[in-house]
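Two complexes come next, and they have one chain in common, chain A, joined by chain B in the first and chain C in the second.
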Partner chain A sequence: MENAVLTPESGTAAARTRKKRLRSVQGWCWLFIAPNLIFYAMFQGWPIVINWYYALHDWSGLSSDIQYVGLQNFKDIIHDMYFWKAYANSFKFMLGSVPLLLLLALFIALVLNNPKLRGATVYRTLYFIPVVTTASIVGIIMVYIWGSDGAVNFLLTSAGILKTPVNWLGDANWAMFTVIIIYVWKNLGMNMIYWLAGLQTVPRELYEAARVDGANSLRTFIYITVPQIAPIGLVILLLNIAGSLKVFDLIKTMTEGGPFYATDVVSTYIYRYAFSSEMGLPRMGYASAAGIFFAFTIVLIAILQAWINGRINKSGKGGRIS
Partner chain B sequence: MSTVRVKSFGSRAKSIPGMLLHVLLIAIAFIWIYPFLWMISASFKSQDEFFSKGLSLIPSSLDFSNFARAWDAGHFDRYFLNSIVITTAVILIVLFITSTCGYALGRYAFKGKRLVVTVLAASMFVPLEFSIIPIFELIKRLGLMNSLSGIILAESGGGHIVFVLLFAGFFRQVPKELEEAAIMDGCGFLRTFIHIMLPLSKPIVGSAVIMQFIWTWNSFLLPLVLTLSNPDLRTLAVGLYALRGENIVDWTGIAAGGTIALVPIIVVFLLLQRYFVDGMAGAVKG
Partner chain C sequence: MKPGLRTFTQLLAVLSLIQMSACSPAAPAGSDNAKGNTSSDSKGADNGQVVLQVMDWSDSVKSLRDEFHKKFMEKYPNIKIEYTQLTVDQFKNTVITAVKTNDAPDLFPVPTGMKLSTLVKDKWFQPLDPYIDDAFKNQFIDGTFQNGTTMVDGKIYSIPEAMSLPSTLVFYNKKLFREAGLDPEKPPATYAEFRDYAQKITAAGKGKYYGIIEGGKQSNRWLSTLREWSSLGGSGLNGNSPVSLATKQPTYDSQAVLDVFGLFKGLAKDGSFHPKTMSISAPEARALFAQDQAGFIIQGAWNVGVWNKDNPKLEYGVMAPPLPESGRKGSIPVTSSGAWIGLSANSKHPKEAALYLKEFYGGDFFQPKRVESGDSFSVVKGVNEKYAKAPQLKAYYDIVQNYGRMIPDPSVRNPDTAAVFSEFKDVHPDAGEILSAVVAGAMKDEKEALAQYSKQLGTAWNSAVEAAKGKGAKVSGADFEFPNWDPMKNYTSEDYKALK
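Then we have the complex of A and B:
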């Protein structure tokens, strides 16, 4: 319908409609961005603002029951040894899982990146399956598999490594180790894909040049591959640090933070105070304060990492300021 | 790439290190999928068989009573439906809000664009446990605590920066001629988007659909918290946790519930994995 009006227009009229169109484009752009921004504001922006309000109040979740307490929640947190236990556990979990995850995934990615390897796509698919499955359900299944009748104990006792079955998730000495191993198992595939994406950015000519120069595969890896994939490696590291610090589903379903708080991390700690009935009345304000406290730590790590990142870039590229 | 592989058929497998490598890779693959094999086989075992041969991976008979028990007594019929309704609705909402946002950001220069990108990107650093209490309160205040729409809204929230960037990157590359032709034909901003641009972006839509499907289907903390007062709204991810809380020793029933929850997502992944893997790889490269 409209093209009948538009096509026979003269030059100046076309320029005018063009101008009008440009102005309306601005409006359309904002209209197109608005839905996403509204969802963002409701579920990401608003929580950041209102969390501070909650953190300054003693509050069980019922609106009539709210009382201003100033910084008391923060003071309580600093004096709660269970919070510090959960805080330390979060970092133990991160330090235990991230290096293992990155190195194992890099190794697998290097092997699978060989175009001559038969069945590489099949291996890739199989290693990736745990990533797409529901963590809370996998956690429950793992309770049996790592339990006293499960496959892990069967394997280790029949191989003679263990004399009696170990209660992996129920033993306070082993629970953190077990949770870390299961987390690594669950997320290896994703990191493998990240590394493979990184390896595929390395130009083939570089490898060929190295081969011509007579470099063996170890030297090629150290002098060609590592510097080329280092920038993506930093992104992967950051993603993993953030991911491991917010682990919840696996721990909640496998150990509930136990035994004796051995696997209690900040997310399960917050959940216990805000939503669980085992602590009596919920303490929403206190839990919010714990969240803020922990989020600050994460932001600090992000800043530190950005700073390190900047320094590496600087030293690597001859003082270029990025 | 596949032709290269076919050509080198046999050349590598003959060498002993090559054989050992494959043995290692197969062993890892077995460990990686063993829990699922165990779960599926346990869900077909009778209680007696489970206690005598709990570790065997091939059940002696196909006993469907575990599925019936999980489906009826465990309320997995309802949880399954809830999971499907929530996941479908969230995918549609997220597709709508991210494709429009990515289109405007990728294709047009307008005032405040930089700010929008920065604000959206900042969301990557906000962990869910930090915002879970405010989201819980927000849904309660909106009066959506006792309906699936509360969970759907909350699950659709967030910045979706990955999808927005994928869409923006795609729409940026579409040649200008296409758009000019559409304008000549009298398409306005909206119609150009719906009739010309959106159909072109099928690969991104595919990645977004499968990634969001997997995230929403697997989501645990949000539905857990939002269904605390109303078990009828539970999703599969929350349902199995609840089932185990009620009946700690019924492992064949738990395995059947796990199979009901996980098999759909594994099948969807196997069918559409290209989209998912491309999306993930694009996210880290971008």
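Then we have the complex of A and C:
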């Protein structure tokens, strides 16, 4: 927005036309944003608002019987041991998958960023293909690949690493590990692209200067690359944390939160209470409350990240992160 | 811009970035479910053609059903049938959203775990009475239409799919018996023998086949097995309510229950379970059993039809569930056939739907073929006697007559009890989930878990009864207690009368 300059001609026709043009430009801006805003309001905004309403009620989601219960749903959630188990599993999943994703993707991006590498585009495409696959289909196929008579066990037993096949997704000790590995594989490509974008903002002169000064690759990486990509690294970290906390389709199709809640995360917990039941009816209100509870956690993490990001920006770019 | 405003807009930008970068929407809208029903909102109105939408999960008779539809459409060229078959979970999610958007199929069954009277109250179904005549009603066996099961307030809303039989008898593979040196005509009778047989078969298999396979992913299968097998030991557990008929409490940690757990724990420890068990569903287990990959499978009568059609070379027999060492103290719970298909309240073609039902039940194709294929027993009079040929199905039926007894149904005694079920909040993990955890090795001490489950179940059930009372239903805990119940006798209409 340009600063309005106070001139003797403010009240004249020239100033009025300027204002009119400005308003017309703003009008077009609103027009172009409008579709996005409308869809956002309908498909993200409204569900968020109505979620608050449902969370305060006892409602099955099916029958017309809806009753106001205030904060009772939240109290029930706090007392449910299995909600906290799912909560802990969500964070376990996040702590297992995010470092792997960040570091592996950075490594691959560094290799692909080298201008001397031939066929870099081919490799980039290959790494990116898992990202564009549908998570639920991937999940279903992985059940067969990682099953007790699947390809993974075949490879490991033929290579002599395993004596008897392990049911990776059906064994309570290995299920979380397996799910993390598959999630990392699926999202590696996306992170690689983010890192590549970050690496390409590093000015070439810095590298040339370092080479002239006689720095080897490791020192170049630590003292030049890392500080330069740190800000974008933080953004990637935030995106990965939020994404891994919201994982749903992969876990639902591979293990449904099993075996016996070993891979149950908050999203599968919510789905279970919202849509399934054995003898009673589902509990949409309770599930909505669980959703809000978890959303608070994610928002808190986001605020923390934004604050850290702000602090780093204030201390100036290129300096060491204190 | 002022610094505070800048941080605020940065924060806003960051938050919206999370929102927009999400690959999957935050609200699990069930959009991954195969919505078999495609674009049809125009329920067919061009040139007198009527489109009838039917949806269910009866996978065991799919090919017969498709043939039935073909014959039906040849007989009535102005009616086009759009049949969608989903899995039982998919169906529940899909039909719920379909009803809420007024896009429900014309004919669809009551989803599992839901009570007909609750759905009638919520205007899911309309009565069939205006469209069916006495001739139609009289072709069904006695007890098909009862207030509380298929009727609500004296009106018929639903018809059962087939005669309800318990679903946890044991099928065994005769070929694998022989290879393990066991006599295929002498299946095991006790828990110890069962465990021993399974172990011998696993040893003989050397990794090619195992003693027992199950659809471990489906916790409802574990739960049914637990209830029905422990009932033989006297637990009084059944699927009609959480309350045990024996103890009048939700007792899920009785000796009979613990004995079943002991057996399955032993089977798991012996390595007799097929390694795929925990990651497959029941239909997959059924297919693997048919490929000679396991000696035993605990399943229902509908498997007979599937195997006789798809795996004619499979040599299998059916046996009663094994008994605990302490002997038989009860019976397998047998319930009256429950509500299945109903007519949508918003259906625009009730007459055509009734025609469908007339051909489905009264026609000369579907019911006879279904019984002949060995899938199930019909609720239509005279069909079973004439067409039940498959020896395994007959054997299944005979075993049920021998070991099963009809149990009381609280909804027949007092239809208002449905209100308790709509207030009831399931307790998780339930006994079926605990059993699957024990088999998967994820839980070592089930006694504690079961005791806690029984306690939580009691609290949840009492709250449900109180809540139902609070909303005006005329119920009490006593409606679920049947003092004149004898575990070794059928519970008949005389017994219901004697209660009053």
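FYI, the second predicted complex is superposed on the first by the 272 of 322 C-alpha atoms of A that agree within 3 Å, B and C clash if a C-alpha of one lies under 4 Å from a C-alpha of the other, contacts with A are read in each partner's own complex, and residues count from 1 in each chain.
Quick note on the criterion: contacts are C-beta pairs under 8 Å (C-beta built on N, C-alpha and C of every residue); 3 or more make two chains touch, one makes a residue touch a chain.
What you see is a predicted model; the values in this text were computed from it and never measured.
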- Item | First, second, both or neither for A:246, with chain B first and chain C second | both
- Query: Touching A:136, do we find chain B (first), chain C (second), both, or neither?
  - Reply: both
- Should A:72 be classified as contacting the first partner (chain B), the second (chain C), both, or neither? neither
- Query: Touching A:148, do we find chain B (first), chain C (second), both, or neither?
  - Reply: second
- Query: So, A:306: does it touch chain B (first), chain C (second), both, or neither?
  - Reply: second
- Query: Should A:220 be classified as contacting the first partner (chain B), the second (chain C), both, or neither?
  - Reply: neither
- Look at the residues of chain A and decide whether chain B or chain C touches more of them. B
- Message: According to the stated criteria, A:64 is in contact with first (chain B), second (chain C), both, or neither; which is it?
- Response: second
- Message: Let me test your reading of the model: by the given contact rule, A:297 touches which partner, first (chain B), second (chain C), both or neither?
- Response: neither
- Can A:267 be said to touch chain B (first), chain C (second), both, or neither? both
- Message: Considering only the contact definition stated at the top, list the common interface residues of chain A for chain B and chain C.
- Response: 43-44, 47, 51, 61, 135-136, 143, 149, 235, 239, 242, 246, 248-249, 252-253, 267, 270-271, 274-275, 291, 295, 298-299, 302
- Message: Touching residues of chain A toward chain C in the complex: what are they?
- Response: 43-44, 47, 51, 60-65, 82, 135-136, 143, 147-149, 165, 167, 169-172, 235, 238-239, 242-243, 246, 248-249, 252-253, 255-256, 258-262, 267, 270-272, 274-281, 283, 286, 291, 295, 298-299, 302-303, 305-306, 309-310
- Note on the structure: As the complex stands, chain C meets chain A at residues 7, 10-11, 14-15, 17-19, 21-28, 30, 32, 89, 92-93, 96, 113-114, 118, 121-122, 216-217, 220, 223, 241-242, 275-279, 421-426, 428-430, 433, 436-437, 440-443, 464, 471
- Message: List the residues on chain A that touch chain B in their complex, please.
- Response: 1-3, 5-7, 21, 24-26, 28-30, 32-33, 35-37, 39-40, 42-48, 50-51, 54, 61, 108, 111, 115-120, 123-130, 132-138, 140-145, 149-151, 154, 185, 188-190, 193-194, 196-198, 201, 232, 235-236, 239, 242, 245-246, 248-249, 252-253, 266-267, 270-271, 274-275, 284, 287-288, 291-292, 294-295, 298-299, 302
- Task: Quick one: which bits of chain B touch chain A in the complex? Just the residue numbers, please.
- Result: 1, 4-5, 8-9, 11-13, 21-22, 25, 28-29, 31-36, 38-39, 54-55, 93, 96-98, 100-101, 103-105, 108, 110-113, 116, 119-120, 123-138, 153-154, 156-160, 164, 183-186, 189-190, 193, 214, 217-218, 220-221, 224-225, 228, 236-238, 240-241, 244, 251, 254-255, 257-258, 261-262, 265-266, 269-270, 273, 276-277, 280-282, 284-285
